[in-house]
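Here come two complexes built around subunit A, the first alongside subunit B, the second alongside subunit C.
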Partner chain A sequence: MTPTVDILLFEVAGVRFAADASQVMRIDRPLEEPSVGAPLGVPHHGRRALIFYSEGGELRRLDIDKVSGVRSVAIESLRRLPPPARVGEVPIGAWLDGDDAVLLVDLARMA
Partner chain B sequence: MSQETPENQNPPPPPKKKGAAKGGVIGLLPLTTALKAVVKGDFSARAELDRLEGDSAEAAALLNQLLDLVAARNSEFEARKQQTVQVVDQALDALIALVRQGELNRWTASNTTDDPLLGPLLEGFGKVIETLRTFVREINEAALRLSSSANEVLAASTQHESSSTEQAAAIHETTATMEELKHASAQIAENAGAVARVAEETLESARSGRGAIGEFIQAMQQIRADSAAVADSIAKLSKRVERIGTVVEVIDEIADRSDLLALNAALEGSRAGEAGKGFSIVAAEMRRLAENVLDSTKEIKNLITEIREATAAAAGAADASKTATESGEKLGSAAASAVESILAGVQETSDAARVINLATQQQRTATEQVVASMAEIEDVTRQTTQASKQATGAAAELTQLAGRLAELIKRFKAD
Partner chain C sequence: MFRLGELMLGVPSQNVREVTRMGPMTPLPRMVASVLGVVGHRGEVLPVVDLLRFLGVGELKVTPRARIFIGVAGNLSAAFLADAVVGLRKVFTADIWPAPVTGQVPAELLLGIVTTDREGEGAINLLNLTRVLQSARARAVAR
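Right after this comes the complex of A and B.
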C-alpha cells in the first residue's frame, strides 16, 4: 500500500499552494495583529488565516485568500525542488494536480 | 277854313230890264249854249248876258253864278284831290318801301292832311307804322337777345352734352368697376364664410384642446400620485431588501463560520488518522454545504446589489417621474392658461369672422344693389345723353332760327 500524506490546499493572490496538514494548528480568520508577512504574495482579500508553529515553537499566522481543503496524496506524487530553483526557503517542492502544478511550502520555516 | 257858299255871298246885281235883248231875236240861245257846254264838261262856259234880257238874262246870270260857284268848288276839290293824292302816294311809297325793303322810316309824322275823311286814316296809318316800328325794334332786340340766348343755350347744351357723354363714360366705367367690385365682394364674402367656418372649427379644436389639457393635467396628477406611491413602495422595498441583506449577511456569516468549522474539523480528522476519516468526510460534506450556502448567499448578495441598483434607479426614476409630472402639471397649467388665452382669442376671432361674414354678405347685397342702381343710372344717363344731343341739335336749330330771325328783322329799318 502506497504511503500517503494529508496536505492542506490553499490560495494566495490566485496562486495555489499546499502545506503539510499536520503543520496547521487551526484555520481562523485574519486578525489585526501582524502575521508572518506575505512570503507567498499579498492576498486579495485575506479571509482566512493559517495558524501554525514556527521552527522556534512560536505560534504564527499566515493570511491567505482561500482554503481549498485537505486531501490525502501519495508521497510519491510530491516532488522536491532542486536548490537552484528555490526562491527563499519556503517553497520546497511541488505536487501535480492533474495538469496544474501546486507549490509545496514549509510553514515552519516562515519566520 | 271857312268855305264860302252861295248863300253867304252877296248876290250879283240884277240885270237891267231893257225889255228885250239887243237885237231882240236871240231868245234863250246863250243860255242853252252855255248849258250844252257844261253838259259836255266845259265848266268854263258862261251865258252871254249881253244877248239876253229880262228873265232870261236873270236866269243866265244865275247860271253863271252857279257855274262860278261850281268852278270854285271844283278848284277846291282839285286842290284837295291833289293833296290827297300826294298823301296817298306818300303812304303808298311808305307801304311799298315797307314791303320791298322793310323800311318803316319813310313815313313821318309830318305826313298829315286837312281832309276830314283822310286825316283819321293817315293818322291810323301813322299809328300802324309807329306800332310796326315799335314791334320791329322790340323784335330786333328780342331777336338779338334770342340769338345771344340761343348761343348760350347751344353752348350750355353742347357743354351739357359733353358733360353727359363724359358722365356716361364715367358711369360706364364705374358700373364696370362696381361689377368687378360685386364679384370681388362675392369672393370676399365666400372667403369670409370660409374664415368663419375655419374659425368655428378652430374654436371647437381649441375647446377640445382645453379638454385634452384638462385630462392631461388630471393624468399628470394621477401619475404624480402613482409616482409617490411607487416611490413609497420602492422605499419599502429598499428597506426590505436591506433587511434581506442583513439576513443574508447573517447567513453568510454562519456559512463562513460553518466553512471554517468544517475546515478545522477536516484538519482534526486528518490528525486523527484512520479514525478520523469518517469525521473528515463529514467535515468535507459540511464544508461543501457551507460553500454552497456561501455561493448562494453570494448570489443573493449579487441579486440584492442588483435589486438595490434597480430600486435606486427606480427611486431615481420615480423622483424623475415626480419631477417630470410636476413639471408636466406646471406645463399643463401653463398650456391650459395659453389655451384659455387662445380660446378667448379664437372666440374673438370667430365672433369677428362671423361679423365680417355678415358684413361681407351685406356688402355683397349692397354692392349688387349699387350695381343695379348703376345700371339704371347708366340707362338714365344714356337717355340724358341722347336728350342732350337732341337738345344740342334743337339749340343749334334754335340758334340758326334766331340768326335767321335777326337777319329777317334787319330787313326792317325802323330808325
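Right after this comes the complex of A and C.
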C-alpha cells in the first residue's frame, strides 16, 4: 500500500500552495496571532488565516485568500524542488497534481 | 537552434532532452527574475528559465505559442523558454569561433560563435549549457 500524507491546499494571490495538514492548528480570520508577513506573496484580500506553531513553539498566522481543501496524496507524488528553483527554506518541494506543480511549503519555518 | 527575441542561440544536442509546449507554470515566491517558476513535466519538477533575463538582454513574454526545451547537464536540468525552436543544424567544430568578449552574451557562457549562410540566421551564439545551469543555480543560492 502506498504511504500517503494529508496536505492542506490554499491560495495566496491566485497561486495554489500546499502545506502538511498536521501543521495547521486551525483556519480562522486574521485576528490575534502575530502574522509572519507575506512570504508567499501579498494576498488579494487575506480574509482567511492559517494558524500554526513556529519552530520556536509560538502560535503564528499566515494570511491567505482561500482554503481549497485537504487532499490525501501519495508520498511518491511529492518532489523536491530542483537546485535552480530552490530558494530560501519556505518552499520545500512540490506536489505534482498531474502536470501542475503545487508548491509545498513548511509553515513552521516561516516564523 | 532557437530564437529568443533577436538573438539566435544554439545548444549542443546532447544537452537537449526534449522540445515541448509550455504547460501550466507555477510562479515561485521571492525568486530571481530569470527563473519564472516551475513546471511539472513527465513526473519531474523543472525550473523555467528566461534566458533573455538571465543574460540581461531583455525578457520573454510567455505566450500560448511559447516553446520550452528541456536542457540537461550532469545532474542539473531546467526548462528554457524560447520564442521559436528553429531546428537541428550540423556544425563542424572547425567552424566554431571563439566568443567575442564584447558580445551580447557573456563569453564565459558560450562555447563559441557559428556563422551560417542561411538567410535570417546570421551568427549563432553556441551556449555552454553546463555553465548556464551552474550559474543559474549559483544565482538562486546567492539570493
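Going forward, the second predicted complex is superposed on the first by the 105 of 111 C-alpha atoms of A that agree within 3 Å, B and C clash if a C-alpha of one lies under 4 Å from a C-alpha of the other, contacts with A are read in each partner's own complex, and residues count from 1 in each chain.
Please note the rule applied: a residue touches a chain if its C-beta (ideal position, glycine included) is under 8 Å from a C-beta of that chain, and two chains touch if they have at least 3 such contacts.
Here the structure is a predicted model, which is why all the values come from computation and not from measurement.
Asks: Based on the superposition on subunit A, does the combination of subunit B and subunit C result in a clash or a fit?
Replies: Here subunit B and subunit C can both sit on subunit A without a clash.
Asks: So, A:70: does it touch subunit B (first), subunit C (second), both, or neither?
Replies: In the superposition, A:70 contacts subunit B only.
Asks: With the two structures laid over each other on chain A, which partner does A:15 touch: subunit B (first), subunit C (second), both, or neither?
Replies: So A:15 only meets subunit C here.
Asks: I'd like to know which partner A:26 touches here: subunit B for first, subunit C for second, both or neither.
Replies: It touches subunit B, and subunit C stays clear.
Asks: Looking at A:100, would you say it contacts subunit B, subunit C, both, or neither? Reply first, second, both or neither.
Replies: The answer is second: A:100 touches subunit C but not subunit B.
Asks: Thinking of the overlay built on chain A, is A:108 touched by subunit B (first), by subunit C (second), by both, or by neither?
Replies: In the superposed model, A:108 contacts neither subunit B nor subunit C.
Asks: Specify the angle subtended at the CA centre of subunit A by the CA centres of subunit B and subunit C, expressed in degrees to the nearest 10.
Replies: 80
Asks: Could you figure out whether subunit B or subunit C reaches more residues of subunit A?
Replies: Counting residues of subunit A touched by each partner, the higher count goes to C.
Asks: Once both complexes sit on top of each other, what is the least C-alpha distance from subunit B to subunit C, rounded to whole angstrom?
Replies: So the smallest C-alpha to C-alpha spacing between these two chains is 24 Å.
Asks: Please name which positions on subunit A make contact with subunit C in the complex.
Replies: Residues in contact with subunit C: 15-16, 39-41, 79-88, 90-91, 93-94, 96-103.
Asks: Would you mind writing out the residues of subunit A in touch with subunit B in their complex?
Replies: Touching subunit B: residues 6, 8, 21-22, 24, 26-29, 47-48, 67, 69-70, 72 of subunit A.
Asks: Quick one: in the complex, what on subunit C touches subunit A?
Replies: 23-24, 26-32, 35, 37-41, 43-47, 49, 76-78, 133, 136-137, 140-141, 143
Asks: Over in the complex, which subunit B residues touch subunit A? Could you list them?
Replies: Going by the criterion above, the answer is residues 256, 260, 263-264, 266-267, 269-271, 280, 284, 287.
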